[in-house]
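Each structure below is given as C-alpha cells.
Presented sequentially are two complexes of chain A, the first with chain B as partner and the second with chain C.
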Partner chain A sequence: MSLLPPDMDEAGFAAFLEELRGTVGADWVWSGEADMFPYRDSFSPVWNTGEERHASAAVAPENVEQVSEVVRIARRHRVPLFPISTGKNFGYGGPSPNVNGSVVLDLKRMNRVIEVNEERAYCLVEPGVSYFDLYREIQERGLKLMLDCPDPGWGSPVGNSLERGVGYTMPHFRDHFGAHCGMEVVLPDGEVMRTGMGALPGSDTWQEYPYGFGPDPAGLFAQGNFGVVTKMGFRLLPLPEYYRSALITVPRRRDFVKLVNHVNYLSDSGLIGEVEYGSPLSALMGNADFMALATRTGGPSDAEMDAAASDAGLHNWQVELQFFGPEKATLENWHYAKDRILSDIPGAASFEGDHFPMPATEEQLNNTTQPWQTSIKRRRSLGVPSLGAWKIVRDDGHVGFFPVLPRTGEAVFEVQRVLGDAMKEFPTLPPFFNALTTPLFWHTHTFQMVFAPSIKHDDPAHNAITHAAMKKCVAVAAEHGWGDYRAAPIYQDDVAGTYSFNNHILRRFHEQLKDAIDPDGIIAPGRGGIWPRRFRA
Partner chain B sequence: MRLLLASAALLAAGVGAVAAQDAVRTGPAAPELAEGKAVYAHWCAPCHAAEPSLPGTMSLAAKYDGSDIPAALEDRTDLSAPVIGVFVRNGVAWMPPFRPTEISDAELAQLSAYLTAPLEDRGAHTPLLADEMVQLHGGSSE
Partner chain C sequence: MITRRDLIKWGMVAPALAAGSQAAFAAAPQGLDALLVDERFPFDDAPLHAGVPVMRFAGDVTRVWYEVLDARWRERGFVLGGITGSDALFVLETLATHQGRRVVTRTPLAEPDARGVAPVSWVIAPHHPSVAA
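After this line comes the complex of A and B, so read on.
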C-alpha cells in the first residue's frame, strides 16, 4: 500500500489526485514509491529509518492560478502541502516534508524571471528560477548587476531567502531574506496576496519599498507555513567597477579579539565585503601533539598557543579582506584597513592580493594567482553561481548546524571550548570545534560557526551518531544563548523549542496565527516548529 | 535499494566499453544532439564538466583511478540510456536525484542521446556557465 496523507484512505487519496490532475494535467502529478524517490532527502541522517519523512505525492503547477486551485483542493480534502522551490535545500531537509504523507507542491515549473531592472537594481522572479538562471539572464542581457548567491547555484533565490540563506558579497546583500523586497503569496484559503507596495494597485515601487503601510507580514513566510510564495523581488548590487583582496595576519591568540572588532568596523562602515577568517596554525593539525593541544578538553591556554605559533614561525590568526567599488576607492579602503589594524596590533602583517577590474576573466574566477593559500571561493565572492564549492561535501551528504553567536573574539573562543568539549562524546566525528575554529561572517551583523557532520546511506550506525550529535549541539548551544539559524524538518521542533522566552510565547503566538488562518494545516504543518491545532491534538 | 542494485549492475555491464579519447572535439554538436547537449550544459556540466576541480569530475576521477574510464562525463563512451536514467533519477553518493520537473523524461532521453553519441558528434566540450558568459562578452577563454 502506498503512503497516504494523514487521515485519508486510498479512495479519498485517489479522488484527491484526480482533482489535482484535472487542474495541472496528468503529466504533473506523481505518486508511488519509485516516482517519489527524488522527493526524499538524500542528505538525511535518518535515511531508511522510521524517522525519515516521506511525501505521498507531488504536484507541479505552472502558474499562480494553478497554485491557488491546488491549495483550494488540498483544503477541501484536508491534505497538507509542502511547497518547494527548486528543492535543493540539502543539509536542511532537501525536498522532504515535515509530515509523512504530505503532498509536495513542486514549484520548479514556475521559472520565469519576470523583471530585471538595471537602473533601479532589482529583480522579480518566480520560485523555480535558480541562481544559474538569474545569472544567465543578467549576463545575456549585458546588465551591469551582480548577484549574491549561496554555494550551490542550483538553488532558488526565492527558496534560499525563505530559508534565510546567506551569501558572500557585500553585507546587506549576504542576508538573502533581508535583501528581498516584495512578495506574492497564495494564502491557505487560496487567496493571492501581495506584500509591501504590491498591495497598492498601480504602484511602481514593489521592489523598492518593502513595507507599504501597516504591519508587514513578509517575515511570516520565511521558515514559516502561512502561505505559498509565488513571486519575490530582490535588491541587486550594481556591478562593482573593481575587486581587490588582501590578507592580514596577527601573531598572538588574544589578538583575535581586536582583529574582529576592527573587521566589524570596516564591515559596518561599508568598506569591505565578506571576509574569510582562518588560522595559519591549521598547517600544524597534522602533527599529533599540536592536534591534541588544539582539541584538548577545556581548550589550550593563550600562552600554549602562542608558544606553538612562535615555535612554528607562524601567526595565530589571519583574515582575508575583499573590497568592491571604484578602483581608487578599493585602494584607499585597503590602505585605511591596513593602517587601522597594523597600528593597533603589534606584529600584525599585511599582504596585497589579486585585484582587477570587473567583470572577472576566467583566470580570475579560477583564483589561482593569489600569493597565499586562500580560503576565498572567488566565484561565490563575485556573485557567480557554481557548484564548485560543493567539494566540501563528504560521504553521501551532510546536515548543518550553524549557531548564531555574538560578533566578538571572546564569543568565538567560548564556542570553541564549549561545543568542542560537548562533541567529545562523538569521537568518530571530525573536531569541528577546536582552538582554531574560526567564525563565518556570512550574515550582515552576526557570526556563525559550522557543524556539518556527514551521512552515509549504507551506514545507519554512523548516521545515528550524526543525528545524536546534531541534537546535542542544538541543546548545548542553546544553554549558552547560541541558537541555530536554520534546520531540517527533523530538527525544527528541537530548534524552535530553544527559542523559549516567556514560556514559549513566540511559538504560542505562531500557533494562534496558524490556527486562525490554517487550522487544518494545509500549508507545511510543523515547518518552523509551528503546528496547527489539528496536529497538536 | 532495488534501484541502487540495478544501477550497480548496469554500470558494471557498461564498463569495458571505453573507446579512444582522441576524437576531434570542436565546434557545435551534431544538430540532432543540440537539445541533449543543452540539458547537459544546464544540469550536468556545473559538476561534471571537463574541469578536474569540479566535485563530480573529481569524484569520478577518484572512483576510476587506474582505469581508462575518463572522469568527465562528456568523454565517456561506456554509458547507456538506462544507466544515465538510473543515476539521474536516483542520484549516487551526494549527487541528489533529479525530478521530472527539473529534467523531464523527454529531456532525459535527449541527454542520453547526447552522452551515448559518438564523441566526434558531440562537438566541443561544454563550458561552465560563467566561462560561457565571460566569452560571450569577449573575455579571456583560457
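After this line comes the complex of A and C, so read on.
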C-alpha cells in the first residue's frame, strides 16, 4: 500500500522523511507497509474497508528538542502529525489517525520517569512511560504510594489521561485527567510551553497547583489537537494502610434509586472507593423466559422484576463497596455505610468481605477468597497494573461507547429502556442494555454504561453491524442528553456533532482556536472533531 | 533486522512446536532462548525441558511479562517461542512491537472457540536495530 500525506507527492514525501531521519536518526523513521502495520487500529470495525484510517509513516523522537524539530519540519512540509504515547488506546482507535496519510508521532522512546515524590505524593513522567513502568519505579524504590491505573495497565498515564481515561480507586484519582497537575507541550509552531506553575521559572509547585495565573489551557490538550504533550505531572495516592470490602443487596427493583443516592453520598464524602453495582438476577439470564422479560421492548415493570426476584429467592440489586485508609477508619466507614443504607431500605442485607493491611499479598491480589462471587477486579482496585483484562475480550476486539448519564437510579432505568429498545435493530449483538444493566461509577461524579460490540477481522458483515450500531447508539443517546465521553477517530465527528448547543458554538470556538494556532492542521487534524480551515475546505 | 535466513530458521520452529514435542525440542536449540506455554491448552511439553527454559501461564501474561519479558525485551537479542491462546499472543505481539520485535512466524493449532480464541504456536524475534543481537 502506497500512502502519502495530504497534498503531497512522492518526491515531497521522500524529502520530508529524509529531514525526519536527519533529526531522529534513520532507525527511528518508518514508512513501509510491514513497519506501519502496528499503527493500524486492530480493533477497527472498518478493518480493511475504505473507511479505515491509515498513517503513511511514523517517527519516534527521543526528547522534547527532537519533538520540537519534528513539528517544525512537519509545519514546513504541511504534513499532519498524529501524536501517540504508547498507542494502546484500543477500543477508541488505537494508534490510527483521523486523517489518511498522517505521520504518527510515536513518543514511546520518551520513557523517563522524571520524578516520583513520596512526601508530596506526585510524579512527573514522559509520554512513553507506561503504568507498569511507573508501578515498577514505585515498587523498586519502596515508596508508599499507590497508582490509579486503567485496566489493562499497559498504556501511559499521559496518553490515558489525555483521553480522559479512568481508574478504579478513590473518586478524585479515578478521573485521570482530573488528577493531572502540570504539563509541558510542544505547540504547532514548535515552541515549548509549560502550564500552571511550570510557567514560573524557579517554581517548585508545578505538580501541586495546576492553574498558575490566568486562563489554564491544559484542557485543550485532552482529546484535542493543539499541541504535543511531552511531560505531565500526576497526583498520586499515599498508599492506604488498610483495605476493606463489603456487599450490600437490596430486594426490590425500585430500591436501586435509594441505593444509588446513598452510595453517591458515601463517595462524595470520601468514605469509599470505586463501587461495583450488579444484579443477583443476572444468574437467571440463562433462563429463556427471564431473558425475554429482562430484554422486553419497553422494559419490564417493577412488579414483574420483583416477582421474578421473589420466585428465585434473590434480591434485585447489589453493590460492592471498597474502603481505604487506616484499619479503624475503614471499619467505622463500613459500619456507617451499612447502618445508613440498611436503616433506609427495608430488607437490605449486608455482608463483610475481605480486608487486609496494604500492600496486598499476591493471593489477595488474585481475589480468590471473597465470600461471594465478586465483580471487583482486585489488582486494578489497588492500583496494580494488569494485562488480565484481555482474557475477557471476545473475537478480535471491540469498540466502545460509554454514554455519560446522571448519577441516579432513574437515569439508569431510562438508559436501560431507551438504548435497549434502540439496539433491538441489531439482534445479533448481545443485549448490552437490558433491565439488569448496571452503571459504571468510574468518573468522579457521573455514571456511564457500556456498549462494546466486538469486531472480527475476517467478518466484514459482523463489523458492519457493529459500526451501524455504534452510530445509532451515539445518535439515540444524544437525543436523550447522554453524550459519549471518548471515541475512536471514525466516530469523533459523530460524537462532536452531538455537543451542539447554540448552533455548535463549542465546535466553532475550537475551530477558531485551531485556525489561529494551527491553520494547516499539523497536529492531529480532526481529533476531537476539530478540523482546521485547510481540512474544512 | 531479521534476515531471510532467520525467517527460514524460525519459520521451521513454529510448525515444529505445533507438531509436537520432539520436533520442537529438536528445533528449539537452533534459535529459541525461551518457550512460553499457555496452560489453558493441553500440550505435552515435557521433552522441551532440556535446553530451553519454559515459562508457563494460564491466559494472563501479566506476571511473565512484568517479571521476565519486559526486562529481556529491553535488551538485545532474545528469541521467544510460544504456544498460547491467540488472545495472549495479541497482548504479547503488541508489547513486543513496542520494543522493536515482531512475530516472525505463527501457526494456528485449532479452530477458535466461542470467544474467538484459538491456540497458536509462534516465534517473536528482535527486529529493530536497537534490539537486534
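Convention: the second predicted complex is superposed on the first by the 536 of 537 C-alpha atoms of A that agree within 3 Å, B and C clash if a C-alpha of one lies under 4 Å from a C-alpha of the other, contacts with A are read in each partner's own complex, and residues count from 1 in each chain.
Here, contacts are C-beta pairs under 8 Å (C-beta built on N, C-alpha and C of every residue); 3 or more make two chains touch, one makes a residue touch a chain.
Since the structure is predicted, the reported quantities are computational estimates derived from the model, not experimental observations.
Engineer: Could you classify chain B and chain C on chain A, in the superposed arrangement, as clash or fit?
Structural biologist: In the arrangement built by aligning on chain A, the partners chain C and chain B clash.
Engineer: Quick check on the superposed pair: does A:S386 touch chain B, chain C, both, or neither? Answer first, second, both or neither.
Structural biologist: In the superposed model, A:S386 contacts both chain B and chain C.
Engineer: Between chain B (first) and chain C (second), which does A:G87 come into contact with in this model arrangement: first, second, both, or neither?
Structural biologist: After superposition on chain A, A:G87 lies in contact with both partners, chain B and chain C.
Engineer: So in the superposed three-chain picture, is A:P38 touching just chain B, just chain C, both, or none of them (first/second/both/neither)?
Structural biologist: both
Engineer: Which partner does A:D204 reach: the first (chain B), the second (chain C), both, or neither?
Structural biologist: neither
Engineer: Which partner reaches more residues of chain A, chain B or chain C?
Structural biologist: Touched residues of chain A are more numerous for B.
Engineer: Quick one: classify A:W154 as touching chain B (first), chain C (second), both or neither.
Structural biologist: Touch status of A:W154: both partners.
Engineer: Have a look at where A:T361 lands relative to chain B and chain C in the superposition and call it first, second, both or neither.
Structural biologist: A:T361 sits against chain B, while chain C stays out of touch.
Engineer: Quick check on the superposed pair: does A:E119 touch chain B, chain C, both, or neither? Answer first, second, both or neither.
Structural biologist: Neither partner.
Engineer: By the touch definition above, which chain A residues appear in both interfaces, chain B in one complex and chain C in the other?
Structural biologist: Residues common to the chain A contacts of chain C and of chain B are 38, 42, 86-88, 108, 132, 136, 154, 385-388, 390-391, 393-396, listed in rising order.
Engineer: Contact residues on chain A for chain B in the complex?
Structural biologist: These residues of chain A touch chain B: 28, 30, 34, 37-40, 42-43, 58, 60, 86-88, 90, 94-95, 106, 108-109, 128, 132, 135-136, 139-140, 142, 153-154, 359-363, 365, 379, 384-388, 390-391, 393-397.
Engineer: Which residues of chain B touch chain A in their complex?
Structural biologist: 3, 42, 46-47, 53-56, 58, 89-91, 93-94, 96-102, 128-131, 133-137, 139-142
Engineer: For the complex, which residues does chain C have touching chain A?
Structural biologist: 59-62, 65-66, 70, 87-88, 90-91, 94-95, 97-98, 115-116, 128-130
Engineer: Going by the contact rule set out above, which residues of chain A touch chain C in the complex?
Structural biologist: By the definition above, chain A touches chain C via 27, 38, 42, 86-88, 108, 132, 136, 152, 154, 385-388, 390-391, 393-396, 454, 456.
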